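Letters A, B, C and D mark the chains in the order given here, with residues in each chain numbered from 1 onward.
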Amino acid sequence: MIRVAIIGASGYTGAESIEIILRHSGAELTYLTALPEECGAVDEVFPQFKGCCALAIEPLDLEKLSGLADAALCCLPHKVSMGFVPKLLDAGLKVIDFSADYRLKDVSVYEQFYGVKHTDAANLARAVFGLPELFREQIKGADLVANPGCYPTGAVLAVAPLLREGLIGTDSIIVNAVTGTSGAGKNPSGKFHFPNMNENLFAYGIGTHRHMPEMEQIASEVAGSDVRILFQPHVGPFDRGILSTVYCQPKKEVSDEQSEGHLTALLKLYGDFYKNEPFVQMRTDAPAVKDVAGTNYCHIFVTHVKGRFVCFSAIDNLVKGASGQAVQNMNIVFGLQETMGLI
Amino acid sequence: MIRVAIIGASGYTGAESIEIILRHSGAELTYLTALPEECGAVDEVFPQFKGCCALAIEPLDLEKLSGLADAALCCLPHKVSMGFVPKLLDAGLKVIDFSADYRLKDVSVYEQFYGVKHTDAANLARAVFGLPELFREQIKGADLVANPGCYPTGAVLAVAPLLREGLIGTDSIIVNAVTGTSGAGKNPSGKFHFPNMNENLFAYGIGTHRHMPEMEQIASEVAGSDVRILFQPHVGPFDRGILSTVYCQPKKEVSDEQSEGHLTALLKLYGDFYKNEPFVQMRTDAPAVKDVAGTNYCHIFVTHVKGRFVCFSAIDNLVKGASGQAVQNMNIVFGLQETMGLI
Amino acid sequence: MIRVAIIGASGYTGAESIEIILRHSGAELTYLTALPEECGAVDEVFPQFKGCCALAIEPLDLEKLSGLADAALCCLPHKVSMGFVPKLLDAGLKVIDFSADYRLKDVSVYEQFYGVKHTDAANLARAVFGLPELFREQIKGADLVANPGCYPTGAVLAVAPLLREGLIGTDSIIVNAVTGTSGAGKNPSGKFHFPNMNENLFAYGIGTHRHMPEMEQIASEVAGSDVRILFQPHVGPFDRGILSTVYCQPKKEVSDEQSEGHLTALLKLYGDFYKNEPFVQMRTDAPAVKDVAGTNYCHIFVTHVKGRFVCFSAIDNLVKGASGQAVQNMNIVFGLQETMGLI
Amino acid sequence: MIRVAIIGASGYTGAESIEIILRHSGAELTYLTALPEECGAVDEVFPQFKGCCALAIEPLDLEKLSGLADAALCCLPHKVSMGFVPKLLDAGLKVIDFSADYRLKDVSVYEQFYGVKHTDAANLARAVFGLPELFREQIKGADLVANPGCYPTGAVLAVAPLLREGLIGTDSIIVNAVTGTSGAGKNPSGKFHFPNMNENLFAYGIGTHRHMPEMEQIASEVAGSDVRILFQPHVGPFDRGILSTVYCQPKKEVSDEQSEGHLTALLKLYGDFYKNEPFVQMRTDAPAVKDVAGTNYCHIFVTHVKGRFVCFSAIDNLVKGASGQAVQNMNIVFGLQETMGLI
């Protein structure tokens, strides 16, 4: 039984992680921490756990932690996380970190987009990027896994086969995505106040979203050459899910006569690429966010329209985009069956 | 042309009032005020007014106000309002006050429920309660109108005919109501954070809601004797509207044989009571909040079930429950056609 | 491993049952049936099961069924179910029936409210009512369990301790409830068309809802005397959950001075009544439907206001109000741990 | 006073048209028609009009119509409309047609996308395309105005200045749009059943949506050369609004150093282009659909990101995308002030 600590358990990804581990037959919750002002019995912080989780959320005590847990799901925010991860590693735990602090390999890009100095370059260098469908071998046995951002997970899975095969122009990718509101976290704000967010939809992070360089880094790694992505996120009036609609330009133009054969080849490419992936499912029609809400699945549909590839993917931002993928990574790190707790 | 100032224009009832006056053919907006930190061009504070309202929202300047306006829609919060209303009256304006500060005739009840000393008993004494369907004659020409609370408007209209005729037990009334979220105002909070409020419904103010004594006061006035009401509000995941379901006990028991004739008499009672009321519409089926959203109407349906009267009413909390009713009151005060700007 | 067949698997309660059994460590899905026009691979009918359920939904073949399953979750609609349940029993299966066909012990009440002749009085007589918190002993080993309606589950759990102790007037109970839309089932209709139902809330089934006699029957059984209930359902713009607000009159009047002690006694009564119930959780504040959405829990809060008891309960209509409770019943029938698959 | 008939008044665009004309000070409703099975008092078909509209919706009687109305807002569906429009014109009315039947100038494109023969080529030839911001001069005095589709309205307004100036590659435009559900009309269906559509978002009409050729036709007219557009619509869980996010490639590459000056020029271009347009408002931040819900405004924001122009527009699909624009066209046709009834 893997003993799991959740660091920063009082937010949405904390709650989602608690729920998943409660159902996991090879792991158990042993320690939950948060800032002192957010501590208390789990079922007071999250009434939905009344009757099924008797733990308290406590201020972090590193000594206690090291005796209690084998793995840490570190749900701290960006910039905060890199102050704690070295201590969690020193305490002997395997760490799955939810923040962006260990995702961007180029420190200068991190510092530009996050506006702070990176203080843990040593661990950044050895962290592996936790997108199992692309980097599974590196995750096995890793000490520190950088759990991917929600948008990069959905967007890159949607185009990875095209990138790997070199079929698309590397500066032609446009990722248009719509997320549910849970991605904004638990702190109230004007934008996400119900009377504003309800019946609403809008773009944000125009030209500046921090997941843009992250997408580019992974996509470039998959393609084996520099990839440039125009990423435009939007938020809509629902709790969970990200729908990514990705447009990209084939390197070779496809004539109308070739179109049908081309589409068959495209579907075969994706089918082969993901055939052993339990959490990626190819669709024959457009995926809906409700199809994957509450699950660790990524549903993908791909076609071409007017000379371009159009790729659709749907994930739950809190599961495959955060806590579910973290547990998937944890399972891989510890050699458990990858789907445990997740189906 | 009545010149209208809106005091406290930066919140939801302010915006709703602006929208109504912009469409009013006998009134015009001349002055909008708010706290300094909430001031700015109207279309910056409320993007929905871009292109149709060129005013700015400014800090209140009483001297300026007195030269600019005939009427004030005072949208300030409870407790704050009574500090300003005397000044608005002194400036020579007719005042429609949205707060609770001039609604409760019994100062001790006010002080108990609102937790502060009342500082303007003189004006409280002369304020009239602005529910036109019940107190129209008193509103005509009044200087100060206390605009009713949203819940009392819906609940009391639903049972007024029964109260007036003395048909129900005066301690038998239970008002179960569900409001949309705009009633909570513009300030973000955990309860109304979209990921919490969406897909949710809950009771609040159990046994303590401030609209309970207000309902009792009006109901007692209509009945001509003390009425006691159990009021239980809930909030649901929608923007606008209040559905009140009111249960009460007939004084005379109705046998099953009498039931049909009794129902006919009941419908006639309501039909007669509201026959000249432009904004109260009797339904022959259950009203839905969406039927009245964005309108100044109150839809009512009444029947009896298992020996009790069950009365349903639907209003828009921001219109008939606030800004629309305020304009209706303003129209009456100034002798305009009562429906101007409201249909 | 209990082998489970789901009869009528193509609707919402079917999908919910599939999801629960997929997670159940002591039961497995072996057979799914539906009307021929609703058959197909599970993941075509329900895209959310892509990758985790390889079964097909097939037309019912009784012979095949008898070799494949130990238990049937019978999700057929009212009136249809009683045509199939005898055959399922004959095939040697334990049956948990989701319809109303085996709930109402008085055939004449059934025939009045459902408008058809009851055709299976023999099995009706031996069916047990599957509300484990009240009738657990009878459920153990039963062949046929009538799974309760969603509204009766929430409403009766909210007042059962008061009824059992004889503390309330037996004709004083008013149940005001609001359900999410999944209760309406999968067939599209004008009322539940998104542009109508969204941003909406309305009452329905006024004086006629079929769950009223069901509530009265169970409540009477708990009270040991005839109980009469005024039940008024409403539907709101969310997927899952029922919030019941129940008003009832204490037999003994409580003076203001006694109020505090009285409340303490009330909480102790409920705490004792439900202390061993895994799925009933007493709250110290008002429960929200989102607290129980997706779970088999019933959250209850009770207080008194203005001389009346006011009891709140929240359940998920598809889980504790349908498929979850069915699996809870199945677990009891087969002697499994009651919470298996449900936490 | 222009006398207005609404043909096909029983649907959502009919209701929206009724609401607008009721507020119009230069026009009045005189005749409402629908299919016989959808007729009845207006306030029975649409409870929201109880008390403010006493008309009935009747089966169309052409003789009656010709004596009663000067203008027809023809809200009939595609394919049906061209069977009635010639008769409305013969009856001497000016016609604003909401369907696609008179929008596509190339009959073969119409027949390909709508799958029927066009039966009224004569009127098609003289119909003018009713997007006032681009074709106002042609609309003045026209007998037949083809009211634009909702998506083309939002998308083309977003890029018209770029097209007119020839600044973008004519095969580089990608329109990614999300609509509210009212666009789907009043007939219930599985996709728009509340429990499916709520908490959901999905793409549809992939590569095949009928508004694609309409967009291309208008865009080509504005550009003065053939324009090819990849249009991908989505639907989200809200009632009203379309957010269009349009990506296009500048003809001249912009270096990072030129970026700021370039953006200034871009904003000036749009500002000039729309400076006299009452219903197009330039924003300095991303527009939200809620900013324009219930209004006839189109809010636009434009910027460039990673070498591409990204243009955002928000409209209400039922107002600027249908009934509001129709009244705007009617106002122009009859020489009324263009904003009457619409602000």
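Things worth noting here:
The criterion applied here is as follows: a contact is a pair of C-beta atoms (placed from the backbone, for glycine too) under 8 Å apart; a residue touches a chain by one contact, two chains touch by 3 or more.
Here the structure is a predicted model, which is why all the values come from computation and not from measurement.
The fewest steps needed to get from chain B to chain D, moving only between touching chains, is 1. Using the mean of the Cα atoms as each chain's centre, the chain most removed from chain B is A. Taking A-B and B-C together, the chain pair joined by more C-beta contacts is B-C.
Rounded to a whole number, the gap between the C-alpha centres of chain B and chain C is 38 angstrom. Inter-chain spacing, taken between the CA centroids of chain A and chain C, is 36 Å.
Spacing of chain A relative to chain B, judged by their CA centroids, is 47 angstrom.
Among the residues of chain D, those touching two or more other chains are numbered 198-199, 237-239, 287-288, 290, 293.
Residues 22-23, 25, 47-48, 50-52, 199, 278-279, 281, 283, 287-288, 290-295, 297, 299, 343 of chain B are the ones that touch chain D when the two sit in their complex.
By the touch criterion stated above, chain B contacts chain A in their complex at residues 12, 181-182, 184, 186-190, 192-195, 197-199, 237-239. For chain B in complex with chain C, the residues that touch the partner chain are 171, 174, 176, 178, 180, 196, 198-204, 206-207, 228-230, 232, 234, 236-241, 243, 245, 247, 286-290, 293, 303-308, 310, 312, 314.
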